[in-house]
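Look at the two complexes coming up: chain A is in both, with chain B in one and chain C in the other.
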Partner chain A sequence: MNQNLFASFNMPMILGIPLVALFILFPTMLIMPSNNLNNNRSSSIQQWLIQLMLKQMMTNHTIKGRTWSLMLLTLITFITLNNLLGVMPYAFTPTTQLSLNLGMAIPLWMATVLMGLRFKTKATLAHLLPQGTPIPLIPMLIIIETISLFIQPVALAVRLTANITAGHLLMHLLGDTTLILLSTYLSSSVITVIVIILLITLELGVALIQAYVFTLLVSLYLHNNS
Partner chain B sequence: MASVVPLKDRKLLEVKLGELPSWILMRDFSPSGIFGAFRRGYYRYYNKYINVKKGSIAGLTMVLACYVVFNYTVSYKELNSADTPADRSWVISEGNSKACFG
Partner chain C sequence: MLSRIVLSAAATAAPSLKNAAFLGPGVLQTTRTFHTGQPHLAPVPPLPEYGGKVRHGLIPEEFFQYLYPKTGVTGPYVLGAGLILYALSKEIYVITGETVTGLVTIGIYIFGIKKFGPSVAAFADKLNENNIALTMEVSYRQRLHMVYKEVKNRLDYHISVQNMMRRKEQEHMINWVEKHVVQSISAQQEKETIAKCIADLKLLAKKAQAQPVM
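On to the complex of A and B.
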């Protein structure tokens, strides 16, 4: 049962060849850019969604920060599509792998920090000390703020990994429970089915929200440092 | 103008059964050839089901259904070698932590 529970997070392989690149590239096949003014329905919906995300995210940034628009939009689209495809039965979700999320979080966070240090050195260093702190506390607070700065990429990655993995695990467990209860107590299996349906709705919501949170935080770090 | 299309340029449904092996051997199996085949297949599906005036949800649903079936075939072996309920234990072994954080 234990191996079975975590088996869905193992890398899918065909004949020993890991297929992870295929799963990461599959969402790109669902997005089709078009150069026409009037598109087909699918492209129109995608265009509308992307414009919605763009306006929501990038209006608060400076001109320099808005050069990151493409990066942040790609990020939120990638994470949303991967999370949503992971809700499909038997699907493998790349965002459950900590390696992928760290690979997304660390370069983006480091880019914002280096940008802040390069262009606004004084302001970036001043961020390490909140306003109005009592003088005896200053050395300790600077150390604490530095530690919290370095925790940011790890928190970004682990947050996404843990949320998606937890949701998937819950669904697996409840599915197993329902199957077992079907043969013994039928009525309680009805309850678990209802819980599973609610969980699926939650999963869909979490998929979207996590992507949003990830991107929002990266853009927040950018805003602080641009 | 030749009335008979040469074997190399014929589509699969126009090839006679006897000529099938030689037709297969004539296909372009280089990386760019395979990539071109994927591209042709993708655009064939896209232009038939999605890039139309009144596209419906069926275009996307077929893709997702194929995705589910593909995932099932890939993980078939693992799913069928599962333990029976009698063997299940609730002790966490070290094999799990590797799978979890891998």
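On to the complex of A and C.
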């Protein structure tokens, strides 16, 4: 058993030097851009995936919104790779740290809001009041909409952190349970192994989905405000 | 491959870029000059189509061949089992809950690779097949361009040599003619010529005064 259940979320260190930069930079080594027409298999699959993501995400945007293509593609690739690499045993997932996710969510959200306020001030402010509300409710509704606007970055960051952290915690707990049950009730440990299998499959899906959701929401805010 | 032409053009245009290694990986990719020396003797051996053979997806075949003369077929397996048991018994590797999760995760990966590997590989190959003809065409045209450039270079050299010889001959001849003409004018002849020029000029001046100014 590790020191405690949360030891795997501590920053790995060597001689007291945190290795966070290496962990964040490592996924970039897995993406290999090339100028050739014929690549090896992994490069061509990467190219095809990136083209798919680009077409999926950016066709609904205006010309102004499409200047964000590189940013959003990088975002979804970064989050997907980090989440997928974290499913491996003994791996550290940077996206479990709230600091990283807040660092990604707040600047992007604020950029969309500021863009909306700068270029379409009236429309952005008009978004704060849904259509067709009865007149007595207007002051309260504006306050509520403002609060929901300000909660967007926090929701983005905490959603990603909580989902990935919960998945990892569940993995650790079930692994410990299986180990202990191996010496007492063997059949229960078989059941927990089956649950682990299902959970890992789920976690792989969650890794991809969370990245997608994050990027999709940022692109939605962009679309509203561009 | 298209970048080769760009790189050679950039190298001839700005040789100082060859030393710009500190500008970062992105710039380095475009400014690093390859193939600056003489090309190897043709035909260049083709690139291998498949990578090195691996056993169990992890260990290269050469390792097994290396141990075969001394320990036979089971040698590397005994070595591997011994290392694992050593690590376990000395608690260099501790069996924790993470071990169970890790074993199950790797099991899932192996299952996924075995089941979906060939279909994904076939899909990746299908992504590439339309581009082979294009690539060969591009490569052929690149080589044609290189040959054309080289031949033109040689011919230009001969032409410039010829031009230079002609120019030198002309200059030499002009200098020789000038020198001899100047030599041949003696001092007496020079005085006579200058006096005649002055007389002619006076005549012209008189004639010019007679005419009205336009």
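Quick note on the criterion: the second predicted complex is superposed on the first by the 223 of 226 C-alpha atoms of A that agree within 3 Å, B and C clash if a C-alpha of one lies under 4 Å from a C-alpha of the other, contacts with A are read in each partner's own complex, and residues count from 1 in each chain.
Throughout what follows, a residue touches a chain if its C-beta (ideal position, glycine included) is under 8 Å from a C-beta of that chain, and two chains touch if they have at least 3 such contacts.
Keep in mind it's a predicted model, so treat the numbers as computed, not measured.
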### Message
After the alignment on chain A, I want to confirm one thing: do chain B and chain C clash, or do they fit together?
### Response
fit
### Vertex chain A angle, Cα centres of chain C and chain B, expressed to the nearest 10 degrees
50
### Task
Considering only the touch criterion stated at the top, classify A:T178 as touching first (chain B), second (chain C), both, or neither.
second
### Message
Output check: A:Y90 vs chain B and chain C. Expected answer is one of first, second, both, neither. What do you get?
### Response
both
### Message
Just checking: does A:F9 make contact with chain B only, chain C only, both, or neither of them? Give me first, second, both or neither.
### Response
first
### Task
With the two complexes superposed on chain A, say which partner A:I79 touches: chain B (first), chain C (second), both, or neither.
neither
### Message
Tell me the contact category for A:T201 with respect to chain B and chain C: first, second, both or neither.
### Response
second
### Message
After the superposition on A, what does A:M104 contact: first (chain B), second (chain C), both or neither?
### Response
neither
### Query
Who does A:R41 touch here: chain B (first), chain C (second), both, or neither?
both
### Message
Taking the superposition on A as described, I'd like to know which of chain B and chain C A:F26 touches: first, second, both or neither.
### Response
first
## Note on the structure
In the overlay, chain B and chain C get no closer at Cα level (Å) than 5
### Query
Taking the contacts chain A makes with chain B in one complex and with chain C in the other, which residues are shared?
1-2, 8, 41-42, 88-90
### Query
In the complex formed with chain C, which residues of chain A make contact?
1-2, 8, 35-39, 41-42, 44-45, 47-48, 87-90, 171-179, 193, 196-197, 200-201
#### Entry: Touching residues on chain C, where the partner in the complex is chain A
1-3, 95-108, 120-121, 123-125, 127-128, 131-132, 134-135, 138
### Query
Tell me, which parts of chain A touch chain B in their complex?
1-14, 19, 26, 29-30, 32, 40-43, 85, 88-92, 97-98, 165, 180
### Message
If we count contacts the way the header does, which residues on chain B are in touch with chain A in the complex?
### Response
42, 46, 50-55, 59-60, 63-64, 67-68, 71-72, 74-75, 78, 82-83, 85, 87-93, 95-96, 99-102
